[in-house]
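Here come two complexes built around chain A, the first alongside chain B, the second alongside chain C.
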Partner chain A sequence: MSVDTAVTEPKQSAMMAALASFWFEFRQNKGALYGLIFVSILAIVAIFADFIAPYSPIEQYREVLKLPPVWAEGGSWAHIFGTDALGRDQLSRMIHGSRYSFYIGFIVIFFCLTIGIVLGLIAAFNKGFIENVIMRLMDIILAFPSLLMALALVAILGPSLENAMIAIAVVFIPHFVRLTRAQALSELGKDYVSSSKTMGASTMRLMFINVLPNCMAPLIVQATMSFSSAILDAAALGFLGMGAQPPSPEWGTMLADSRQYILSDPWLMGIPGLAILFTVLSINLIGDGLRDALDPKMKTSKA
Partner chain B sequence: MFSFLLRRLLVLIPTYIGITLTAFAFIHVIPGDPILIMAGERGLPEEKYLELMHAYGFDQPIWKQYLDYVGQILQGDFGRSFVTNRPVLDEFIELFPATVELTIFALFFAVLIGIPAGIIAAVKRGSVFDHSLMTISLAGFSMPIFWWALLLIVFFSGFLGWTPVSGRISAMFFFDTPTGFMLIDSLMSDEEGAFTSALSHLILPAIALGTIPMATFARQSRSAMLETLSEDYIKTARAKGLSPFRVVVVHGFRNALIPVITVIGLSVGTLLGGAILTESIFSWPGIGKWMVDSIFRRDYPVVQSGLILIATIVILVNLSVDILYGIIDPRIRKKGH
Partner chain C sequence: MSESKTAKEAILTINNLSISLPSRADRPFAVDDVSFELFAGEILCIVGESGSGKSMSSNAVMGLLPKPHVKVAKGEILFEGMDLAKIDNSKMQSIRGRKIGMIFQEPMTALNPVMKVSKQLEEVFQSHHLKLSRSEIKSKIIEMLDDVGLPDPQIIGDSYPFELSGGQRQRVMIAMALALEPDILIADEPTTALDVTTQAQILKLIAELQRKRNMGVIFITHDFGVVAEIADRVIVMQLGKIVEQGTAEKILNTPEHPYTRKLISTVPNLGAVKKAAIDSEVVVSVKHLYKTYGEEKKSFFGKASRVVHASKDINFDIRKGETLGLVGESGSGKSTVGRCIIRLHESNKGAVEFQGQDILGLTNAEMMPIRQHIQMIFQDPYASLNPRRKIGDIITEGPTIHGVPKEQSWKKAEELLEIVGLDKFALKRYPHEFSGGQRQRIGIARALAMSPKLLIADEAVSALDVSVQAQVLELLDEIKHKMDLAMLFVTHDLRVAAQVCDNIAVMKLGEVVEYGNTYDVFHNPQHEYTKSLLDAVPGKEWQVPTFTD
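== the complex of A and B ==
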């Protein structure tokens, strides 16, 4: 037992040191820090939505239709962000809607990462026919404009939030496959790979234990950026009526609902739109910070 | 150069077969009978149904349907719309100029603002301008484009009343459209004010569509400039006593051009592939709106062939970008990738 701790302790402290230096680098980027703060608050709101939201997101208060927000003339503290055309409380809908953003982002990047990494590694380790098949398949997906492809896929699967997420994951996967393959290929030529091959490591071990960890940095950055693109695309599909279906308070769907009132009651589309913008912006800022911290060569904010 | 081209073209063949297969599969993986779905709730009399089944070839075995379809495409026959009964290719050719016109102006806007901003940010690295520009461009990059388009409408059309809300030209004008480009056609017509009308219809969609590319170009040209500005030949040029402007623009920017052209080229493909959201919101009669409408109208022959036509455009544009590199940078030719 004492031997075990002796071995793991330096490992742990090395991990801690790496984390500390990562945090030090990440902190340097003010934008990334603000982004992280915003997203953390939003995450707390999403987790505790049931307790924070003053009303139910789908209950209709018919006596107060299209009530303006509290800062506008005619607004009321009872409904801080006002109510929509069906008399539902905007604030409660916004709070519950934040859940969809995380749900969409996490599910989409989960699929992208797992499928993208597996296909990318297979392509990198099997030069020739298999590699060609995988990469050509990815080329085919990339030949179609992504939102159009996603829209067509949802048309096949049927409009729903889950199908929209599947469609978005499908159009994002090629980027992950290409990135994984390119990273893995550049690692494959290095000494540590050939030496562990000589030691008799299996292909699986080479793929997932030796090579993959060294490919992760750009993949994490890509995943962060895809998280935000997924939110944008899901909102776009919701806006076109092909994503989350009413009455779910997904922000893109809320925008679609408010579209006919853009000139008479602009706050109805202002609030969900701003929410999408700030969420996506924050995640992109975090992505920039991660890039700086994980890959000092690619620094964007200060070179 | 020739072998480089040939290699590029050969890689395209399996991709292209895959594209036709994907588009072909579209109509067949939709659950239910395609004819009945397209007919909708009105339903169809038995004879008409059989006639359509035969006309669209759905009564054939599936491999034969595919081969027939590819055979027709190779002869330039992309099928007929289920709704308008017009050849899909005719509709595409009619609508494509509108998309090209919008794309050109969106890119114009994006390049004209994005690239100079990126260069200035790189030169004044770390300044307030640099920081605010990077934040603004990241915001542009994070913008839900359909919302941005609506904001533009609210402000410029609703609040200021400067621009029309939708379409390509005011309905009061009637003239021939030989080129399909509304700006050119309206100039050539004798109608007074037609050109102004066409231009004012174009501005908002072009800004909405150009925003994300603008942000991308600004970021890309900034980082490309930062990289070249740290090269030795820039130091040499500075040491020689060349003017700062000359150093930045002639020595720096020319060499930063390749990554910038890459992103421009890639966005041309994306934009031409149909600015689905922008075209839908502004009712811009281009191929993006055409595809969305067809998907909603369940006009599957249009969706199927439209996907192939759009993918063809994207591939051709990306191929031209590739070839352009080969010309600019001979090193790329050698590597082959």
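== the complex of A and C ==
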């Protein structure tokens, strides 16, 4: 009788194989690939902003106010995207502004993930009173229109970019808590968790070593999607004057600064507006691709 | 077993059928050069292990292959002068249901959950554009439901699928498949998801209807007991090829091909052997154990729920070196008892004395030293290993929790893998790289890493193919003897229980109705329920032959 126990030595590390399979799935989604390229370029621009930007983002060139971009009539190669009402170079402001976008995205997501995961796991592992308190609190936060809630929080904390990020994080956290709890609950029903329990594993061990890694895939997708929403909300708060304060070249704040010129000099709003649009779109496309690649049910074939 | 019919005209002929798989699969063809015939008025069983291509060949007949990845590469499927492999979809639709009916394994997912049963049956008539009035259809539906032995067809027709039991759902499925009186019925593992007594009823029903309507039935199964119960002719498949075909009589009792012989020899025999009584020390003693689910109370956010008695007044002892079988149908509470002993569930009342100490009242901290002595092997080899952790981490988790240094526990894990018959390279791999049988071996190694005194096997071999099942049972037996373990073996499969257990406790609706020596329980059952269970085992009259080679 042939016994079904043959095991060969691993050819390559399992991690590499998993990555390769992930990359294969991700590549299938062309939109996600383009999104990734755009965001990568933007990331490089943000990192090397000091070297790439031709001018300082806050220096004023009084001789050229509201200069149109180079492709419009009267444009000049000295200021490719033109200058704003105070004579600041638009291109340099855009380049430095990309830093704010990543800064906002990463910080907000960091807070959302850590707090969301911890609260979600606590809720999943403590059925009853604690779960009810956490989840109902999240329901209450979700019951407010998110931007209104963020506005109210900023109004309390005072307008600044940091406070805007805190407000956005608070508004986003319930999504992470719910997702983590739902995932954890479905994992808790599986026998590998029972097995760890019979070994005497502590709750902390069950939460973070056994259950959490199996909940990560949808959380990563949610984090990516929220990354773009955070940029969008921060821009909205900036536009309303409740986010980053002038003269910082945050894209939303730039929109707000040029609001009065929308009819006479539309590119002043158009350029940061388009930048926000493409960034958010690209990140959302990446999120879509990640979901396809990470969700085993969507895989093109069983590996 | 009914006598085989001879000199009949073939109603379905399959010639040199090959079905190709996508390029990334483990073999080029799911079904490779398969030819067989189906005659009117016979039940043809296709037997094979998972992945043998038995379902693929019947799906091809119905035009249900998951195109475009899987398609017929060559060969023909001849039915009424047509080649079903080549005709277009609209023609196929007129044949499906009308000429060839099909029933599936899982009756819950095969029925639309948001549609009443009678509506779904109506659909069958409507989709084939039969000129029948509403009242004619109505009376036909009642007649059909009556035909498949459903009581109160009116009420059943007015129910949603979730309101019916598994057996009732399968009966509805059969009624649906037979509504248009097809010439051929394809049954793909129709009883695998059912309890043994329900299975017996469904098998009887299929055989009855087949005789009454003189249909040809293709019955796909992995269970030789079922084959013995129902088949006229048998086809044995392995890796997409037919290795042997012939009358049921011949295949079951004098098979020729070595693969068939191997498969049949792994079928556990129902007759238990008389074993010597064990009178070593008692390891675990369960006394008056009660467990109920649900509480009758209303909270602000929760709903009031009804109380279910999962176990009522359970009493038994397990001694060192003894295997106690806990058998029963689904919902009998047998798994609950196992989980209460290991305290995955908290019980309501009673005592579980482990080596003389009641462990039910212990706090988590007090329980810690005892945890390592009681270990469990789970049913589903896919869900019971953490997919994100390496085998080495999985096996050494227990010892690590109990403070064993890493090097020592990894060395032990290597030894354990050797005991369960796996290579030490497995330690660095992830669970998804292993087959079901291999995973179950890993699960056993994990349990053994704690050097337990009591092993609870919760349906540990139910999800495995019969030949792998035999190997795992052998391994469990070997380990039990080597380490002198006490074992609680929870199973629904009486054949398996007969083979491995010293004593048997039969459970029904949370109560132990019969408890005694395996030989006595099997040969001289006292309780009515035990008798009906034993009576329902498929192929009980078939004495599994033993081969000397």
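What we mean here is this: the second predicted complex is superposed on the first by the 284 of 303 C-alpha atoms of A that agree within 3 Å, B and C clash if a C-alpha of one lies under 4 Å from a C-alpha of the other, contacts with A are read in each partner's own complex, and residues count from 1 in each chain.
Going forward, contacts are C-beta pairs under 8 Å (C-beta built on N, C-alpha and C of every residue); 3 or more make two chains touch, one makes a residue touch a chain.
Just so it is clear, the model here is predicted, and its values are computed rather than measured.
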Partner with the higher number of touched chain A residues, chain C or chain B: B
Touching partner for A:Ser194 - first (chain B), second (chain C), both, neither: second
Chain B versus chain C as contact partner of A:Leu240, first or second or both or neither: first
Partner chain in contact with A:Trp71 - chain B first, chain C second, else both or neither: neither
Which of chain B and chain C A:Phe106 touches, first, second, both or neither: neither
Which superposed partner A:Trp23 touches (first chain B, second chain C, both, neither): neither
Touched partner set for A:Asn210, first chain B, second chain C, both or neither: second
Common interface positions of chain A, toward chain B and toward chain C: 132, 301, 303
Residues of chain C that touch chain A when the two form their complex: 22, 24, 69, 262, 301, 339, 342, 344, 364, 367-368, 371-372, 374-376, 378-380, 383-390, 394, 397-398, 401-402, 421-423, 425-426, 428-430, 432-435, 437-438, 441, 443, 446, 450, 467-468, 471
Parts of chain B lying in touch with chain A, wherever the complex brings them together: 11, 14-15, 18-19, 22, 26, 29-30, 125-126, 134-135, 138-139, 141-147, 150-151, 153-154, 158, 219, 223, 226-227, 230, 269-270, 273-274, 276-277, 280, 288, 291-292, 295, 303, 307, 310-311, 314-315
Touching residues (chain side chain A, partner chain B) in the complex: 31, 132, 136-137, 139-140, 143-145, 147-148, 151-152, 155-156, 228, 232, 235-236, 239-240, 252, 255, 259, 262-263, 266, 269, 272-273, 276-277, 280-281, 283-285, 288, 300-303
Sites on chain A touched by chain C in the complex: 1, 3-10, 14, 132, 190-192, 194-202, 205, 209-210, 213-214, 301, 303
